[in-house]
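Quick one: the structure is below, and I'll ask about it shortly.
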Amino acid sequence: MTGSIIAEDYGRLIVQGADRPGIVSRVSTVLAHHGANVVALDQSTSDPSGGRFFQRTVFHLPGLGAKLAELDQALEDELSGELGLTFRLVEARRRKRVAILVSRADHCLLDLLWRRRRDELHLTVPMVISNHPDLGDDVRGFGIPFFHVPVEKNDKAAAEKEHLNLLKGNVDLVVLARYMQIVSGDFLAEVGVPVINIHHSFLPAFVGAGPYQRAKDRGVKLVGATAHYVTEDLDEGPIIEQDVIRVSHHESAQDLQRKGADVERLVLSRAVAWHCDDRVIRDGNSTIVF
Amino acid sequence: MTGSIIAEDYGRLIVQGADRPGIVSRVSTVLAHHGANVVALDQSTSDPSGGRFFQRTVFHLPGLGAKLAELDQALEDELSGELGLTFRLVEARRRKRVAILVSRADHCLLDLLWRRRRDELHLTVPMVISNHPDLGDDVRGFGIPFFHVPVEKNDKAAAEKEHLNLLKGNVDLVVLARYMQIVSGDFLAEVGVPVINIHHSFLPAFVGAGPYQRAKDRGVKLVGATAHYVTEDLDEGPIIEQDVIRVSHHESAQDLQRKGADVERLVLSRAVAWHCDDRVIRDGNSTIVF
Amino acid sequence: MTGSIIAEDYGRLIVQGADRPGIVSRVSTVLAHHGANVVALDQSTSDPSGGRFFQRTVFHLPGLGAKLAELDQALEDELSGELGLTFRLVEARRRKRVAILVSRADHCLLDLLWRRRRDELHLTVPMVISNHPDLGDDVRGFGIPFFHVPVEKNDKAAAEKEHLNLLKGNVDLVVLARYMQIVSGDFLAEVGVPVINIHHSFLPAFVGAGPYQRAKDRGVKLVGATAHYVTEDLDEGPIIEQDVIRVSHHESAQDLQRKGADVERLVLSRAVAWHCDDRVIRDGNSTIVF
Amino acid sequence: MTGSIIAEDYGRLIVQGADRPGIVSRVSTVLAHHGANVVALDQSTSDPSGGRFFQRTVFHLPGLGAKLAELDQALEDELSGELGLTFRLVEARRRKRVAILVSRADHCLLDLLWRRRRDELHLTVPMVISNHPDLGDDVRGFGIPFFHVPVEKNDKAAAEKEHLNLLKGNVDLVVLARYMQIVSGDFLAEVGVPVINIHHSFLPAFVGAGPYQRAKDRGVKLVGATAHYVTEDLDEGPIIEQDVIRVSHHESAQDLQRKGADVERLVLSRAVAWHCDDRVIRDGNSTIVF
């Protein structure tokens, strides 16, 4: 994995599709013909014979902004037709717009906002939405708009409609930073951008609610957290990142929860950073993380 | 956790039962009256009010061997009556006798035998039993008897009977070091000593067979292993130790299996070492590991 | 290690000194005679024969506040005379007063203040002192006084005098949370409370300034952080806690610094939490961490 | 990092040199023209402007064995002239020949031999050389020649001469698996293949002898190990891999040594595996590990 490059005139190209000989050569030749210098390239195949092809390339091209459309067209011509590949071309300097949804727990939210402020995360946060008012002051203290959208038990659809009004067209990513509401398949289809969630266990262990108490009851020696893309199947979406921390029999379920919170915020921050750096490629229900 | 003390004249005392004020004082007073010097003591309570009490004490008592029976009786008098506590008093220098059951995979077996040879594990291995002949030469190369007991699909009871003939009275612990057969509740009841198993996943994730392929399919970022006491409920016994290792999308299920094998042997070795050092106390379906 | 117990009527007793038989018994007997129930006890000896003795005991005693002086006297009578032990008796509910010194980097400071706010750290922060004004708004946003004390290169003594005026009698611990000034031996002697520092490397590797660039130049595969008590010998004081994180050749010195910052704040938070829970006992230039 | 591919008809190409635009394109075009399909590619630059270029490519080419010389020539023509790059082309199925030098400690040696036997390490071990006779039986039990070459204090050159007689032309790599003798610059120059050493500390901490006792004295909370290429500057060669394990104040220097041994063998095994998979590229006194 390469350190993130976000300077002017750097671009990222993500290519995926059915593998066949010569793709790397054709991609890099298009880039070279446009004067781009590849500075980092990761390529992988799910299976050497008949597998799926994945490639992430970071390149330097003086005057990239003005040449982006032309390069995009050249790649389209080379990759989309006969080869049937899909690709994504982005300017590295462009920050992704990330909305954060949160309930009452502040640890994941604050960690993201601090890292943003410290410029560790190359993104903007145009809004934070919560079903509770509690974290409004904290969020606004960072100069970020905070919207309180209560969720009524028997009318969740109303809240989701309000969410969509706020989000659509305004964001490139939605992050559920300990947002304790299930989002519907309709919402996912409508919002039109990826949604990342942090789950407070090492999935697939302790799927669902109350994982720390269940971990305590089961006597496990490590607790963990999982960041994943949200799909209609709760807690089943493609995993982006996971980590764990050691716990002991001395510790209560509440102690586990506190330790777990440290893992949650680290895992979510990494997942968001990698997504915003275009390192994560979905491959069915799994992910490639370059 | 204290480093293991296995010298002459050192003893270990494990006490457990319903908590009430004054237990530590009464235990340490009995020890002091017999001239024992406490060199390490760990004590813990599941709940300060009305919880379960656990204590492990390592002490030095010159001439311990000759005084053991008397000390045992004094502890019985002080702890078993009104207080209703159970306790276990052992000489630290006494090695536990450990039988290893294994199938074809050699990594856990070899790690245990090699650690035994370099005296990292304070135990003896009176026998290794396998349902396959493959590892006989390796085992006998360590000077340890190897018994090949084939398991017929429709007569597992016959094999277990032979196991019991070999084991009963001869061992203090049975270790399933990647033994790919289910042991019956009857066997567990008959054998009369604890049985430790190594499971090739981070339980409760990927309970059962084929965990590495399933981990690969699920796209998890860490694979693990779990050492636990065997109970009638498969993969559900009290967990002694767990650990994990990071994996990436590049790696095949076979790669995961190889990495997992490193975790398996470390986790099993630790669990066996701690058990033999009387550090592990069962508490319902969980464990205290001092 | 036990989870922290901070409720009413719980006390902690730390005992240390030359080891000899019977100390545990005498300590626990004094506690039992006063009606205290031991809920957690860790004891350790540097050497079974002629070593140094260390014990941390957590106990429950209804009405502890009113009985503290009497219990203290009883312990004094039992432990200080013939046995020559030193001890420390504290009420668990009493929060230690912790001053934080900081320069410009905010990650360690914010982590401590935020953990304090969510009551993960059982302490109060009566003041933050900085040689730069930058973090004043953040600190005051937590409702904590912020004092800007510039440090002139050729008159550091003046700044230290001002520090002492602010600190003396008002705090139980000073934390250097990335405070980029050397504190003098005179200051340490005068301030009269322990001082904890976070060093941005895995000591003793990369002692001194610029550790991340030097780690990069040396091609190390892990970067770390170390929390230690401050002594006159720079970077040489007793280590409380250390941890590391994996880095790769792809990452720049700045990337290492960012990853290292995550380790720094975790390591410092743990060290401060353990100190405030009376888990850390200095033993020469090392520490016992129960 | 990709899982190792060692099948027939797979090749690896390592390219390094001064960076300039178009290298990736030219390399992949040569491969494509010869009918090779790239299955994994890692590329990195030390600095986007004027840095050093590193690339590792795994490709599939039916009939590779017969086409190797021709492909090598084509790469030579394309890369060595104007571009001034160096490259290495190897068949993945070809096992590197690895000699192991060892003294008395067996843990690193046995771990390598077991992994070799289990086919986890894709290499052959044509010989083991030791300055002590102790491990002869173990080595020969694996069917591997063992040579006992005593080292006289005042005539080390004689031993090194004997080593060279045994090694020259017969091996592709020499591994010092806890070989407790310093090898001379003359030996390194003469032997003509890389030499990997395992150092029993987290370098640059505790350079030199007795690291575990020094770690204990310093009160560190983690002990580690470092695998590095051997250069004339003792303990200063390019680091390939490092790892650490947590230790506590309870543990003696001997306990640290035992825990450290587990880290040593894992770290050395990884370093050898990566070297044999052509993943490690030396870059001055550092390494790129793809």
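Order as written gives the chain letters A, B, C and D; numbering starts at 1 within each chain.
Quick note on the criterion: a contact is a pair of C-beta atoms (placed from the backbone, for glycine too) under 8 Å apart; a residue touches a chain by one contact, two chains touch by 3 or more.
This is a predicted model, so every value here is computed, not measured.
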Fewest hops from chain A to chain C - one hop per pair of touching chains: 1
Selected pair, out of C-D, A-C or B-C, that shares over half of its residue contact pairs with A-B: C-D
Separation of chain A from chain D, taking each centre as the mean of its C-alpha atoms, in whole Å: 36
Chain C-chain D separation of Cα centroids, rounded to whole Å: 42
Residues of chain A touching at least two other chains: 2, 40, 44, 248, 250
Complex interface listing, chain B residues touching chain D: 1-4, 40, 106-107, 110, 114, 118, 120, 141, 248, 250-252, 254-255, 258, 262, 266
List of chain A residues in touch with chain D within their complex: 2, 5, 10, 19-26, 28-29, 31-32, 35-45, 48-49, 55, 60
Chain B residues touching chain A - in the complex, by the definition given at the top: 44, 202-206, 217-222, 224, 238-239, 241-244, 248-250, 283, 285-289
